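Here chain A shows up in two complexes: once beside chain B, once beside chain C.
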Partner chain A sequence: MIQEFKKVWKPYTIGMLWLLGLLWPLLGIHPDGTLTFQKTITVWSYLLAGSFVCLMIYVLKGTDSLKFIADPISRVAGNIKTTSIALPTWIWLGAGLIVALIYPQFAGRYGTDVAISVLLYICLGLGLNVVVGLAGMLDLGYIAFYGVGAYTYAILNTTYGLGFWVCLPLSGFFACIAGCIVGYPTLRMRGDYLAIVTLGFGEIIRIILNNWMELTNGPNGILGVKPIGIFLPVFENGFTFEHFWMKKLQLFYYFALGLAIVAALCVHRLNFSRVGRAWESIREDETAAELMGVNTFIYKLLAYAMGAIFAGLAGAFFAARMRFVSPESFTFLESAMVLCMVVLGGMGSIPGIILGVAALIALPEIFREFESYRMLIFGATMVIMMLFRPAGLIPAKRVGTRSEEKEG
Partner chain B sequence: MEYFIQQLINGITLGGMYALIALGYTMVYGVIQLINFAHGEFFAAGGYVGAIALGYFAGIGYMETHPIICLTASFAMAMAYCAYLAVGVEKIAYKPLRKESRLAALLSALGMSIFLSNGLMLTQGVYDAVYPSELFQGRFDFGMVTISYLQIMIVSLTAFLLVGLNLLVFKTKVGMAMRATAQDKTMSALVAIGSNRIISLTFAIGAGLACAAGIMYGLYYGSVRYDMGFVPGIKAFAAAVLGGIGNITGAMLGGLIIGMVEIFGAGYLSSEYKDVFAFIILIAVLYFKPNGIMGENIDDTRV
Partner chain C sequence: MSIQPMLELKNVHSGYGSIKALKGISLKVMPGEIVAIIGANGAGKSTTLMTICGIVKVEKGEVLYRGKVINKVPPEKLPTMGLCQVPEGRRIFPRLTVMENLRLGAFYRDDTNQIMKDIQHSYEMFPILGERKSQKGGTLSGGEQQMLAIARALMTKPKVLLLDEPSLGLAPIIVQQIFDIIAQINKEKGTTILLVEQNANLALQAASRGYVVETGEITLEDEAPSLLANPKIREAYLGE
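Showing the complex of A and B:
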C-alpha cells in the first residue's frame, strides 16, 4: 500500500498545489485593495479532504487492501448477475414495468413530478443515443429539435387551436424536417467539425426562437398552451365519450411512461436491425462501411432524423406539461446535460441511459442544497467518465461475437 | 460612407479579439488535432482575472497615479494565470486521452468547459463583473467618425501580440519545435523535441492570447460574465476554420473577417441576428471549402 501510494503522491501534491494557485486569485484578491487567504484555504481544504478520500479509495482498490469490503460486494453483485441471467429477461422487464406503473400511487406529488422529468429525459437521451451512441456522430445541438417540437405544439395549439393528439405527430414531423435540414449540409463532415456545426445550428435555432417576435413571441415565450385532452368513456346516460383535460399529474406520468417505453422499444428494435448494424459500422469505421456498400450519407441522415423525431415528441409533451414554452428552456447547457446523461450511462446502451438519466435528474433533487453545484458536477462527471470509464456505467453489449474476442 | 468607415473600425477592433482567440484553437488543433472546447473559458477566465487585478490596483490607489503600469501588470498577471490554468487543464483532461478515440477527448473537453464556466460562476457570482470605465476615456473625432483611445489601444496591442506570435513561431527555435511537433510527433521526438513540453507550451500561449482578448473584451464592453466564453468561443472557432484550421496566419485573417461580418451584418442587416452570421459562415466554409481559405490539404479523417 505504501508502495502504491508513493507512485501517486507526487502528481497529487502538484495537482493540489496547482489548484491552490488557481483558486487564490479568484477568491483572495478584493477590489478594495485587500488580500485575504482565509476563504481560499477553507475552500481548498474541503477540496483537499474530498480528493484525498477518493485518492485513498483508488490506491486501496489498486492494492486489494479493500478486500474485506470489495469481496462481499462483488459476491453480491455476482449473485445478482447469475440470478438475472437465470431468470428470463421478460420477468425483469415485467417487474420493472409493474414498479413503474404503481409508482405514482406511493410517491407524492413531488415524487411524481420528478419521475415525469426522468421519463422525459429518458426519451430525449434515447433519441440522442441513436445519433451519438449508435451512429457515432457527436451532436451538440440536439436540444434544438426538442425546442422545435415544443414550439410546434405551442404555436399550433394557441393560434389554431389544434389538439395535442393532432400536434404530437406533427411535432415529430417538423422536428424530423428540421433534422434533415440541419443534417443535409452537415453530414458530409466527420467528428469534431460535425460537433461544432451542430452546436452552431442549435444556437441558430435558439436565436431564431428568441427573435422571431410574430411567431414565437420572442423571449417572453408562449403562455396558455393547453394540456393533453383525452376522451374517456362515461357510463352515465348510456355509453358516451366525454372530453377531459389531462390536469392530474398521474395521467401525465402514465403518458410520459408510455412515451419512454415506445422510445426504448423503437431504439432497441432499431439497434438490432439491419439499420442498426449499418449505424454501428459507420461508427466503427466510416470508410470501411462505405466500401462494404453501406450508403453512409443516407444512414447518417436517418440517424439524425430519428433522433430529432424522439426529441420532437418529447418536446410536444414538454410544452403540454409546462403549458408554457420559452427559448430559455433550449439552451446549449440542456444539450450538454442530455449528452452527459448518455455518456454517463453508456453510449448505445438502453439500460445505461435509463440509469444515467435517473442518476443525473434524481440525485440533484435529493441533494437540493447543492443545487448551484449541479452543472459543475456534470462537467466533472463527463471528464472523469472519459478518463476512467469511457464506455459508461453499463456499457453497451456488442451484437454477435467478434474475432478478437473469440481468440481471447 | 462615414457609417461604413465607423463600422469598419469597430469591425477591426472586434475582429482582432476574435483573431486572438482563434489562434489558440488553431494552434492546439495543429499540435494535437483536438478542438479545445474549454478555450472559450480561458477567454472568460482572463476577463475575470483582468477585472480582479484592475480592481485591486484601483483599490490600493495605484490606478490614478500609474494607469499604464497597472494595465500592463494586469495583462501580464491575467495572461500568466490563464497559461497556468491551461497547462493544468491539458495535463488533467487531455493528456491521458491522447491515445483514446477522438470522441472521448472531445467529450472530455466539453466537460471541462462546463466545469470551468461553472467554477467561475461559483467563485465570482452570477452577475457581471464591472470593469473600471475611467480608463481611456478620450477619443478622436474625424467628422462623423470617432475612434476612441480604447480602440486604438486594443488594435495596437492585438497587432503587437500577433506580430510577436509570428516571430515566435516562425523565427525562433521554440517555434520551429512547435511546427515540427505539429507536422509529425514521432519524427520530432526522434530529433529530441519533447512533445509534452511543446504541447504544454502551445496551450499556455493559446490561453494567454485568449486571456488578452478577454481583458480587451471587458474593457471594450465594460463588463464580463461567467458564461461569456461560449459564443465568442464558437465564433473564434469559426474564424479558425475559415482560415484553415492549423494555420496561424489563416486564423488571424479569419478572425478579422468574422469580426467584420458580424459588425457589418449587425449594422446593415439585423442586429438581433448578429450571432447567426458567424455560424452561417462556419457552415458554408465547412460545406464548400473545408480546408479554409488558407488551409493546406487535410486528410479526410480530420474533417
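Showing the complex of A and C:
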C-alpha cells in the first residue's frame, strides 16, 4: 500500500499546490486592495482533506484492501440492478408520474417554483437534444427561439389581448419561422463553423429584442403579461363556463408538467421514427447519408425547426409564469446552460436529459449557501464528468430496438 | 441502334475550387458489365465516382444515366433512380447498429415488409452481419464494415452500383471474399458495377473492361484481359 501511495503523492502534491495558486487570487484579493490569506488557506485545507480521503480510498481500492466493504456493496448494487431491470419500464414511468403529480402538494411555493423551471428547461433540453443529440449540429444560439416564443406571447397578449391558448401555437409557429430563417443560410455549414454561426444568430435575435423599442420595449422588457387563463364549467345558475386566471403556482405546475410530458413523448416518437433515423445518419456521416438518399438539407432544417418549436412553446410558458419578459433572460449563458444540461445528462437520452436538467437547476437551488463557488463547482463537475462518464449520466441506449424493427 | 449504356460520362470536368481533379473524363458502362477504373493515388478515380453522384459538381461535360443527363440531379435522388455508391473508406454509420445501417440503405423505400425481407436476404448473403445485427457498426472489423457498406448499398436496389476501393485496408483473404461477393452480385442480380481500385490486378481480374486514369484524364481503355497483359500496365500498376 505504501508502494502505491509513493506513486501518486507527487502529482497530487503538485496539483494541490497549483490549486492553492489558483484559489488565492479568487479568494484572497479584495476589491478594496487588501490581501488576505486566511480564507484561502481555510478553503484550501478543506479541499485538501477531502481530496486526500478520496485519494486514499482510490489507492486502497487499487490494492484490494477495501475488499471487505467493496464486495458487499457491489453485491447489493448488482441486486438492485437486476430487480430494476426485472420491473417493466411502465412501472418506473408510472412511479415517476405519480411523484410528479403529487409533488406540489408537499413542496411549498418555492419548491413548486423551482420545479416549474425544471419542467420548462426539460422542454428546452429535449428540443436542443433533437438538434444536438440526434442531428449532431452544435447549436449555441438555441435560447434565442425561447426568447422568440416568450416575446410572441408577451407582445400578442399585452398589445392585442390574445389569450394564452391562442398564443401558445403561435409562439411555436413564430419560433419555427425564426428557426427556418436562421437555419436556411446557416445549415450549409458543418461542425465548428455551424456552432459559431448559430452563436452569432442567437446574439442577433437577442440584440434585436434589446433595441427594437417600439415592439419589444427594449431593455425595459414587457410588463403585465397575463397568466394562463382557463374556462371552467360552473353549475350555479345553470351550466356556464367561467374564465379563471391561473395565478396559483400549483395549477401552473401541472400545465408545465403537461408540456414536459408532451415534449418527451414527441421526442421519443421522433427518435424511433424514420425521421429520427435520418437525423442520426446525418450525425454519423453526412456524405454517406446523402449517398443513401437522405435529403440532408431538408432533414437538418427540420431538426432545427423542431428544436425551435419546443423552445418557442417553453418560451410562451416562461412569459406566462414570469408575467414579464426582458432580453436579459435570453443571453448566451442560458444557451450554454441548456447545452450543458444536455451534455451532462447524456446526448440523445430522454431520461438523461431530465436528470441533467434536474441536476443543473435544482442543485444550485439546494446549495444556495455556496452560491459564490457555483461556477467553480460547476467547472469541477464538468471535468469529473468528462473523465468518468463521457457519454453523460444516463447514456443513450442504442441496441437496435426501434419499434418497427423488433420482428426483424 | 446499339444498346444504350447504363452510365456514360462525356468529357466531364470537375474539381474542388481551383483544383481541377477531372479534365475531361469520358467512359461508358454497358448493362450487366463490371467495369474497373484503375490508377494511382490522386489520379481522380474517387472524384469520378463522387462527380457521378453529384457530391462534387460537374463543371463541364455530361453525366448520363440510362440516357438521361443527371448533372443537376441532387445526390439524394440518385438511389431512387437505381444508382448507388459504396463510398471510399466504407463510411458506415458507426454509432448505429448493423440493422439500422441497413434500414438507412432502404431509406427512400416505404415497403416495410419487403425491406424486412431484403434485410433477411442480406443476412443470408453476409451471415456475419446477421450474427452482429444489434452491434454498432463502428465495432465491426474492417472486412465486416465493407460487407455492411455493400449490403447497405444493395438495400437501395441499385441497377448500377459504384464501388470505391472495396479492398482498402483489408487483409488479402478478406479482399478475395469481397471480390467474390461483387462477382456474385453482378451475376445473380444482374447489377451493373463500376469499380474503382488501386489493386489493379484484382480489379482487372473481376472486371470485363477497364479504364486507366492518370491526373484526371483517361489514358487507356481496353478489355480487362488485354489490359492485364499490357506491359505498360504491368509495369506501372502491377509492379513488374
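By our rule, the second predicted complex is superposed on the first by the 306 of 408 C-alpha atoms of A that agree within 3 Å, B and C clash if a C-alpha of one lies under 4 Å from a C-alpha of the other, contacts with A are read in each partner's own complex, and residues count from 1 in each chain.
Keep this in mind: contacts are C-beta pairs under 8 Å (C-beta built on N, C-alpha and C of every residue); 3 or more make two chains touch, one makes a residue touch a chain.
Predicted model, so just to flag it, every value in this text is computed and none were measured.
Chemist: Let me test your reading of the model: by the given contact rule, A:Glu214 touches which partner, first (chain B), second (chain C), both or neither?
Modeler: neither
Chemist: Under the stated touch criterion, which partner chain does A:Ala195 make contact with: chain B (first), chain C (second), both, or neither?
Modeler: First partner only.
Chemist: For the overlaid complexes, name the partner, chain B or chain C, with more touching residues on chain A.
Modeler: B
Chemist: Return first, second, both or neither, reflecting whether A:Glu369 touches chain B, chain C, both chains, or no partner chain.
Modeler: After superposition on chain A, A:Glu369 lies in contact with neither partner.
Chemist: In the overlay, answer first, second, both or neither for which of chain B and chain C A:Glu280 touches.
Modeler: It touches chain C, and chain B stays clear.
Chemist: Where on chain A do the contacts from chain B and from chain C line up?
Modeler: The overlap between the chain B and chain C interfaces on chain A comprises residues 287.
Chemist: Touching chain A in the complex: which residues of chain B?
Modeler: 34-35, 48-49, 52-53, 55-56, 58-61, 77, 81, 84-85, 88, 92-93, 96-97, 100-108, 110-116, 118-124, 230-231, 234, 237-238, 241, 272-273, 275-276, 279-280, 282-283, 286-287, 290, 300-303
Chemist: Could you list, by residue number, the parts of chain C that touch chain A in their complex?
Modeler: Of all residues in chain C, those touching chain A are 53, 55, 74-80, 84-85, 87, 91-100, 103-105, 107-108, 112, 116, 119-120, 133-134, 136, 152-153, 156.
Chemist: Write out the stretch or stretches of chain A touching chain B in their complex.
Modeler: Chain A reaches chain B through residues 15, 18, 21-23, 25-27, 29-34, 136, 138, 140, 185-186, 188-193, 195-197, 199-201, 203-204, 207-208, 210-211, 287, 332-333, 336, 339-340, 343, 372-373, 375-376, 378-383, 385-387, 390.
Chemist: Give the list of chain A residues in touch with chain C in this complex.
Modeler: Touch residues, chain A against chain C: 274, 277-278, 280-281, 283-285, 287-296, 398-400, 402, 404-405, 407-408.
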